[in-house]
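Each chain carries a letter (A, B, C and D) given by its place in the written order, and its residues are counted from 1.
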Amino acid sequence: MKKLINDPADVVADALRGMAAAHPELRIDHENRVVFRGDAPRQGKVGLVSGGGSGHEPMHGGFVGMGMLDAACAGEVFTSPVPDQMVAATKGVDGGAGVLHVVKNYTGDVMNFEMAAELVAAESGTEVVAVVTDDDVAVQDSLYTAGRRGVGVTVLLEKLAGAAAEEGRPLAEVADVARTVNAQGRSMGMALTSCTVPAAGKPTFDLPEDEMEIGVGIHGEPGRRRVKLAPAREIAEMLVEPVLSDLEFSGGDGVIAFVNGLGGTPLIELYLMYAEVARVLEKSGVTVARSLVGSYMTSLDMAGCSVTLLKVDDDLVRLWDAPVRTPGLRWGV
Amino acid sequence: MKKLINDPADVVADALRGMAAAHPELRIDHENRVVFRGDAPRQGKVGLVSGGGSGHEPMHGGFVGMGMLDAACAGEVFTSPVPDQMVAATKGVDGGAGVLHVVKNYTGDVMNFEMAAELVAAESGTEVVAVVTDDDVAVQDSLYTAGRRGVGVTVLLEKLAGAAAEEGRPLAEVADVARTVNAQGRSMGMALTSCTVPAAGKPTFDLPEDEMEIGVGIHGEPGRRRVKLAPAREIAEMLVEPVLSDLEFSGGDGVIAFVNGLGGTPLIELYLMYAEVARVLEKSGVTVARSLVGSYMTSLDMAGCSVTLLKVDDDLVRLWDAPVRTPGLRWGV
Amino acid sequence: MADQLDVAALGAWVREFARSIAEHKDELTALDSAIGDADHGANMDRGMSAAVAALEASPPADPAALLKQVGMTLVSKVGGASGPLYGTFFLRMAGALGPDPADDQTFARALRAGLDGVIARGKAEPGDKTMLDALTPACDALEAALAEGQPFGAALTAAAAAAGEGRDATVPLVARKGRASYLGERSAGHQDPGATSTALLLDAAVTALSGSGG
Amino acid sequence: MADQLDVAALGAWVREFARSIAEHKDELTALDSAIGDADHGANMDRGMSAAVAALEASPPADPAALLKQVGMTLVSKVGGASGPLYGTFFLRMAGALGPDPADDQTFARALRAGLDGVIARGKAEPGDKTMLDALTPACDALEAALAEGQPFGAALTAAAAAAGEGRDATVPLVARKGRASYLGERSAGHQDPGATSTALLLDAAVTALSGSGG
């Protein structure tokens, strides 16, 4: 295993020390592993809390700051944080206007956030609303299963709901924005290589030199199918087609198109993929209102990418353009 | 070779199409492979032109925009652009106040920029000054060799000289800022894996699972020595010590500390490295005035990192904090 | 002797489970690599090491307090799916035990309460390819054996055997809950990591508690 | 016949060089992988393919125009170190040739002018482990053989042999110029890619021009 780490058991704690050193504008509670906005709690503003397993950086800690999250809980690598962390985060951002939990739909994340909400309800009067993201079309949606995974839409949701909260909208409206974003966004990912979980010490799966996995998530779980390596233009089709056939994206005010790198893929390849994605969208009559290209939700060192499309209206475009100042996303400020 | 590409011969052209699609605020001359600020040339402002081989994204095209470069020339992968491109870029950003060429010290880059400057001089009255970066302490500096490579300092220089130009300083002063930055900055890099040049189709060098290269550049050239894999804290020492022993960094107004990822290394590892670098600096009595952590100057898909330290004074800190709006670096706007 | 399941015996069970998890850590992670995210071994080991450390640091006074402490520790140290699930399991067991040493029947009722807690928390059913596929048959077998009048040790052995069979039976299943469900049909042919750790829990009960029951 | 080096002969040389580069592309890239950045094969092939395409598209009228076109094409299509160096080499050769077919001596003088151009542009010296280590002995050998009165074909063969020896002699050298210099002592033990392509250039001259000289 080749990684820039010390003891595999210390990866999360060590990386948080680095974040703290690099971002004095944030406040990091190392004991609870919570990254806070330096000025949290903001009186009268809805607090946004997210979190999840580590290994997806900059998500979520890198999205803490003005216009996005108020706090993020960092779990062990690929392991949901525990309720204690979420309770600490929730209390720490409660400015009297309630708190939104942004939860990705994984059994562990959902259960731990649920327990945290139960604890918060038992201990204090803080109003907590949870919104769960489940945008991954690689997974069949069914009442009888764990449902779809929360992936790329989560990044967009944190930006958009964060902007709504920053504007002073009340909890119910912020939660509405979040639910709308989740309902209108879909994603699909692929991997060229497996990632290696530090504690495991070897790649989660083996993938021959001439094959790739289509329909992967962000935890190194194998995808839905394994196929021969293909040119970027075909990969773009394999990712965009299932997204387009799951939801109507043409017409209206267009989409935010998001090409995300999974950690081991350099930016040159992401731009190249974006060129191909844009081509497929144009061919399909989908208008791109805004775009985002980069590694914003990673899966450790996995090579690969995901494509997310989010249907937007005027209000969402305005929220997208609103100022944001976080380590991971920054504009307009 | 596992990459998100079409034909290896089209990588640069395809990636530029993606950049153009993702960044409508830039103007891309696809024929000459030059990325321009949308509003270039700016009358009365010194124009900043850089460029180099592709495969280092976001450098340089991703640093075009307000407060940084006016144009960037994209060469083939790891191959300096040709004089024609630099001539087109220089003409396109000439707002009457002269043009600064930011050149990394590689034989090819230096010769091609020289030929371009000769052509511009022959054709027009545009004043061109070139500043060459050569900050890599892994390479022995000598009059009898090609000298040191230009690496991480180039990113910082483009930001700082870009801010000076944006402020309206004249060419001589902007060039002075650039020279000062190069003189006061030093870098050192390491690789966990080789990169794979698309046209070559296989890794440039083989590196056993338990070894790493210390003193690599950004073109997949092997480093100065091969050593056993070590924990991040020891790697930080191997990178920072040679930098500190090449130039006095303690005292004064401190340094900009820059931990850069080489393309295949995820952000979690870069933050972890930054924690270790910050520790070494503290132990050595070096004050960190500002920091930058991320993959800003990559070497295709190489896993590894580099550390750059730049001694700063008040003026440089102010230029660093000045607004910048480019795809790759953005703040204060 | 129907009242031997005292704090010492239950503490021995927890320690034996922790030891066994540490021993099988890599195996659990390997199973989780095939159909999950390669952390089940690390998760369980982190949690059970912390549970044992807590037992050392502040020895609980009675059975309920002991299992509550284990459950709380798992909830606050593990995360992921297994943290809330195993945590809830031990917390619900604790709730079904009194402060006094338990007899066989009480232990069986507590195990059932734990199982119900896992169902309430995780909303899975037998056949979904989860830890329930080991825990449910184990509870059933324990109750059946005790109802037949078998001694506690034999009943536990039957429960552990049922858990092992349940674990093995997860291999052909297509997962409907947990991370493995994302693989759809590709999850078939692999043993569920959580069912595997649950079978270890029952094996640990045989080792640590067989001599204690009535 | 001392005036046989006409535009057709020189065109044949350029085409033969392009063919040989394409054939040895992977070898050149492999050499550049060991001590450089793995692009010398691609660079030379891109440049020489473009040079040949330009010859087809707009056939130059005379020797000077032909080599100038090749040089300009290399300068504007290759980049890297080899673009300006080979580009300058051909441009300077062109400058030393007139519009008329060249004789042996003129060709030798032009080759020397090309060499001087490479030195002026790259500021390297023989022994720095660069293309100069093949080009310099080739020029020397060509001039010596012609001075001895050897026929052009034999003189070219001697020049190509000297280039090959120079190329081989780069193996033990520690590079002082170009990318290989970054490796310091580790550059020793590897053959220089640029010296290798230069030896191909001389081999191509033997193949294409031997019959043309005086």
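As a convention for this text, a contact is a pair of C-beta atoms (placed from the backbone, for glycine too) under 8 Å apart; a residue touches a chain by one contact, two chains touch by 3 or more.
Because the structure is predicted, anything quoted here is derived from the model rather than measured.
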| item | value |
| --- | --- |
| Whole-Å gap separating subunit A and subunit C, where each centre is the average of the chain's CA atoms | 32 |
| Length of the line joining the C-alpha centres of subunit A and subunit D, rounded to whole Å | 55 |
| Whole-Å gap between the CA centroids of subunit C and subunit D | 75 |
| Shared interface positions of subunit A, touching two or more other chains | none |
| Chain contact graph, described as a line, ring, star, complete graph or other shape | line |
| All chain pairs that touch each other | A-B, A-C, B-D |
| Complex contacts: residues of subunit B adjacent to subunit A | 2-7, 11, 14-19, 21-22, 54-55, 57-58, 62, 192-193, 209, 212, 229, 231-233, 235, 263-276, 278, 288, 291, 293, 295, 298, 300-301, 303-305, 325, 330-333 |
| Residue ranges of subunit A in contact with subunit C within the complex | 53, 75-84, 106-108, 111-112, 114-115, 136, 138-140, 142, 144-146, 149, 197, 199-200, 204-205, 217, 219-222, 224-225 |
| Touch list for subunit C against partner subunit A, complex | 29, 33-39, 41-43, 46, 75-85, 121-122, 176-179, 181-184, 186 |
